[in-house]
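Here it is, the structure, as structure tokens.
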Amino acid sequence: MRETVRTRFFLVFGGIFLLLFCYATLNLPSWGYYRGPYGDVVSRNVVYQRHATDAVNAINYDYRAFDTLGEEFILFTAVLGIMMLLRRQSDETVRDVGKVADSIRLSATVQSAMMPMLLVTVVFGFYIALHGQLTPGGGFQGGVILASAPFLLYVCENTDAFRQITSHTVVEICDATGAVSYALIGLASLVMGLPFLTNFLPLGTTGDVFSSGTIALISAAIGVEVTAAFLMVGYTYLEEIITGEVPEE
Amino acid sequence: MSTPYALTPLPVAIPMVGAALIAGLRKWLSRRLADSLGILFAAATLMVSSALLAASIHSPGVYWFGNWFPRGSVVLGIGFVAEPVGVGLAVLAATLTLLSLVSSWRLIDSGANYFQPLMLIFLAGMCGFSLTVDIFNLFVFFELMSTAAFALCGLKTAEPAPLQGSFNFAVTNTIAAFLVLTGIGLLYAITGALNMAQIGLAINTRHDSLVLFAFTLLTCGFLIKAAVVPFHLWLPDAHAVAPTPVCVLFSGLMVQLGLFAIARLRFVVFAQTFANHEVQLRSIFLLLSALTVLVGGLMCYAEHHLKRMLAFSTICHSGIMLFAIALGGPLAFAAMLIYLLAHAFIKAGLFLTTGILLHRLRAIGERSLFAKGKTLRWTAALWFLGSFGLAAAPFFLTAAGEAGISHAAEQTGNSWISWLCFVGGALTSAAVLRVGMHIFFGWGSEPITDQTAEVGELPETAEEDQRIFWYQYAPAAISILIPILLVAFAGWMHMVEDASVSFTQQAATLHLIYSGRSMQVGGVNWMAALQDSGLRGLFAWALGFVLACTSVFRVSLTRRLRIGAFLESGFSPLRAMQSGHPGDYVLWLTIGLASFGASALMLLRS
Amino acid sequence: MIWMGAGLLLLVALSGFVIVRTRDVTSQVIALSFYGIIMALVFFFFQAPDVALSQITVGAVALPLMIMLAISRMKFRAASRRNERERDA
Amino acid sequence: MPHVLHSLPYFVAAWLFFCGLYGLVSSKHLVHAVVCLAVLQSSTYILLLGIGYRVGGAAPIFTEITPRALTVDPVVQALMLTDVVVEAVVVALLLAMVVKAHEKSGTVSPDELSSLRG
């Protein structure tokens, strides 16, 4: 189909869809007046039931932890898929085309300023990942922040260090370990005779880093997985540019 | 917690653990070890889900993750229901995965051991999808299943076509996921619930534009997965490029799970919504399914790429199953389940046979395979047996399903449906027969071909070993024989009957979810309807045979009798739809969405 | 307060349209990054600090970064192919 | 709540959905198409978080407020939180397909990728 014809057709039918969508939402409760009950029941009971102060993470890692297990495996699968698609085929011979010459040169001052920044990023990432049950944050966000640290190395042209960190086999193992340990936490509660993913650990004092039982544990597992996932994806995309090796045609 | 239901999360958990294990140890595992682990975990999943099936037939149960029982009517956590229909689908998923993993032992290029973990995650996704009664959890497993499928589809990265096919697949199915998520959001806004039973209770008979639009979004999202016209365009592309063991799962179960989700939504969430609009709703769905059967059947006959041909046959049969959903009621639903089961195994058998051909003869196009399979007697036998199954011949389980659908159609005064089923069966079996006559007998002159007939020709197995191993034959033979054996020992159909009655009654599901116990539903008996298939399937096969002959022997026929050859050239508008361009696919999707939404709002509201 | 939220929402609607109309992918990625930040602000307004944090890290940084990496990988490959051909010629 | 704002976030969500579809239909560059998919996806964030919003409600974090206080809905936030991260990686998977297709066929234009036509 020609592009103009396609767009014209789309404007008609997409327009109908847009109108239907808007028309239907007129029947929604007015914006700003959520009626419940699900969220309200959780909000009222979360501190008492789970000794967690962040209701969002309590839902993610406890009330609806099984959803998050699924989501974590989507992440895991997507990363597997990316690695598989962009892998070196065994029959491909590589050849050196040289590294990219036109990368940005950063001044020495900027480079030296990067190191403290890197440290701050790592500490911040750990903080966010480990306080999920108390304040906004948790494994997903903390993991992404942690994963960004090596990219700072790359930006300040320490590509060797970047490569050593991100291409390490440990990263790949961490990815699988993060995924499997979440499932194993679920199975552990099964072994104890409780339903899958029951919060079986002592709940501790509200406000403590080690409170809320398995919530913190799951959050940590997710943190490991997300960090590893983003590192692997980043390295996979950058591999050719860093090594300067492309497969022969 | 009583013991058998403690197994409920395992069909999801076991393959997940297996996948992570194999993926983590990927670099150190030999091919053989990775394959064995994959088979081991799939077999374990099959065992636990079978045990669960046995328990759930005895008495269905409900499983609350994290020990979050409902508080009054508010459901706090995520629930799985262990009722025979969903668990049965999980068993089917595990069986098909096991069969395809066995058939790909050592042979299929596993892409450095990425293949096995992805297959296991795919299995986990399908199991979770069929067990859950939480609507957001349904979305999560929909995404999990899709993501694994996208990756598996692009396994053969050596040529551009697989990447294009999987890109189209990924784009359309990701849009499907967002449609579903938007629908979930709208329902959550008015009910404040994510459990299907609770949502069903809350919306009750409400059928304003909002509920209807949410229904449109959810249904269209799953219709995309179910490859119903005009949402079907991604399916042939995905099948053409995916490795054959993956096609087994795509055609055997993934597509039909879309229909299953629609059924679950219709019988649990929207059970009361259309109380006064049954007829209108039925006509919308009947129109879609009739279109699907015709387009699928005609395009199936017009294809010359073996996998694409079988993919269009899946579309056609998906239309037949959608008839059952359109008709509604326990009889039609039971017929759909039986048809689904039979179709899954027949399609699996045909795809596995195609895999053998691709492995042995290193080609996939009808013309390039012409007369090359004369020595492959067993492969030929399986292939032709499969054609009887597609036509719903009386000794195949498909016949029972089709008979049930026809019976339900007559009850609602739509007996034309059985004729469309007949046409669909005839066209798809004709295509399979034509290909079989060309490849295995070398009859007639050189086959007609088309542009896409050689896409993905690159064999998926290594060059050096072209022998056919027993573990390639065995899964194919088992798959073809199961639907025959299931007819011979038909006692199990009573269970489908009972399961379908409680599945289609909202009250039974509500009772199960809120009390954890099953509800006694009134005894029914329409076993006769399922077994009264008659000889129609044989006639369909015979018609297919004649049609195939008019194609194969076209040169020795007068111009007017070359019906097969005429159908084979295809209809240019239908072919033009199949452009391989993601923009076109999204456009067709929008057209379908807007038309469905507009007709739902116009017909179902008043 | 509510008007600020409304303004942000309209800004999101506008920038969403701008992104799909931008045909040059590099500028599109930069637009996407800004879009991610505006979205995060909307989430703060919606009293969703958790989602906002996740949106800032992913929507505004990680996702655009990944797209940039993909683009640069494609450019790198194309450039090395071109060099190769020039040398062979 | 002023009357004009009655369904503003829902309209914005519908509009973003429309924009995403439009971008996908009219796309001439596969990376562009992937970015449009990301825009389409952001429609669901606006919709769900808009649904859970409450005028005057606090964030559902109970460090400084009591469990009885008026809060916005934590459930939709939990659903979206994971979704933001996960969908980003799914988008990266699509990008990987585009990158690989580019390596194998040398083009990123959907019009030129035509091996599956007909």
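Chains here go by letter, A, B, C and D, matching the order in which they are written, and residues are numbered from 1 within each.
We adopt the following convention: contacts are C-beta pairs under 8 Å (C-beta built on N, C-alpha and C of every residue); 3 or more make two chains touch, one makes a residue touch a chain.
These figures come from a predicted structure and were not determined experimentally.
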State which chains count as neighbours of chain A and simultaneously of chain B.
-> D
More C-beta contacts across A-C or across C-D?
-> C-D
Once you find the CA centre of chain A and the CA centre of chain C, what distance in Å lies between them?
-> 17
Chain C and chain D: spacing of chain centres that average the CA atoms, whole Å | 12
From the C-alpha centre of chain B to that of chain D, how far is it in Å?
-> 28
Centre-to-centre distance between chain C and chain B (centres being mean Cα positions), rounded to whole Å = 37
Note: chain C residues in touch with at least two other chains are 2, 48-51, 54, 58, 62, 66, 70, 73, 77, 81
Using the touch rule from the top of the page, what residues of chain B touch 2 or more other chains?
-> 136, 143, 147, 150-151, 154, 157-158, 163, 186, 188-189, 194, 576, 579, 581, 583, 587, 590
Could you tell me which residues belong to chain A and also touch two or more other chains?
-> 3, 6, 10, 14, 17, 21, 25-26, 28, 32, 34, 36, 38-39, 42, 54, 56-57, 64, 67, 71, 74, 78, 81, 85, 136, 138, 140, 144, 233, 237
Return all touching chain pairs.
-> A-B, A-C, A-D, B-D, C-D
Chain D partner contacts - residues on chain A that touch it in the complex = 3, 6-7, 10-11, 14-15, 17-18, 21-22, 25-26, 28, 30-34, 36, 38-40, 42-48, 53-60, 64, 67-68, 71, 74-75, 78-79, 81-82, 85-86, 134-136, 138, 140, 144, 207, 226, 229, 233, 236-237
The residues of chain D that touch chain B in their complex are 13, 17, 21, 24-27, 30, 33, 37, 40-41, 43-44, 47-48, 51, 75-76, 79, 83, 86, 90, 93-94, 97-98, 100-101, 104-105, 110-111, 113-118
Once bound in the complex, which stretches of chain C touch chain A?
-> 2, 48-54, 57-58, 61-62, 65-66, 69-70, 72-73, 76-77, 80-81, 83-84
Quick one: which bits of chain B touch chain D in the complex? Just the residue numbers, please.
-> 136, 143, 147, 150-151, 154, 157-161, 163-168, 170-171, 174-175, 178, 181-182, 185-186, 188-189, 194, 237, 240-241, 450-452, 455, 575-576, 578-583, 586-587, 590
The residues of chain A that touch chain B in their complex are 1, 3, 6, 9-10, 13-14, 16-17, 20-21, 23-29, 34-39, 41-42, 62-67, 69-71, 73-74, 76-78, 80-81, 83-85, 87, 89-90, 169, 172-173, 175-177, 179-180, 183-184, 186-187, 190, 193-199
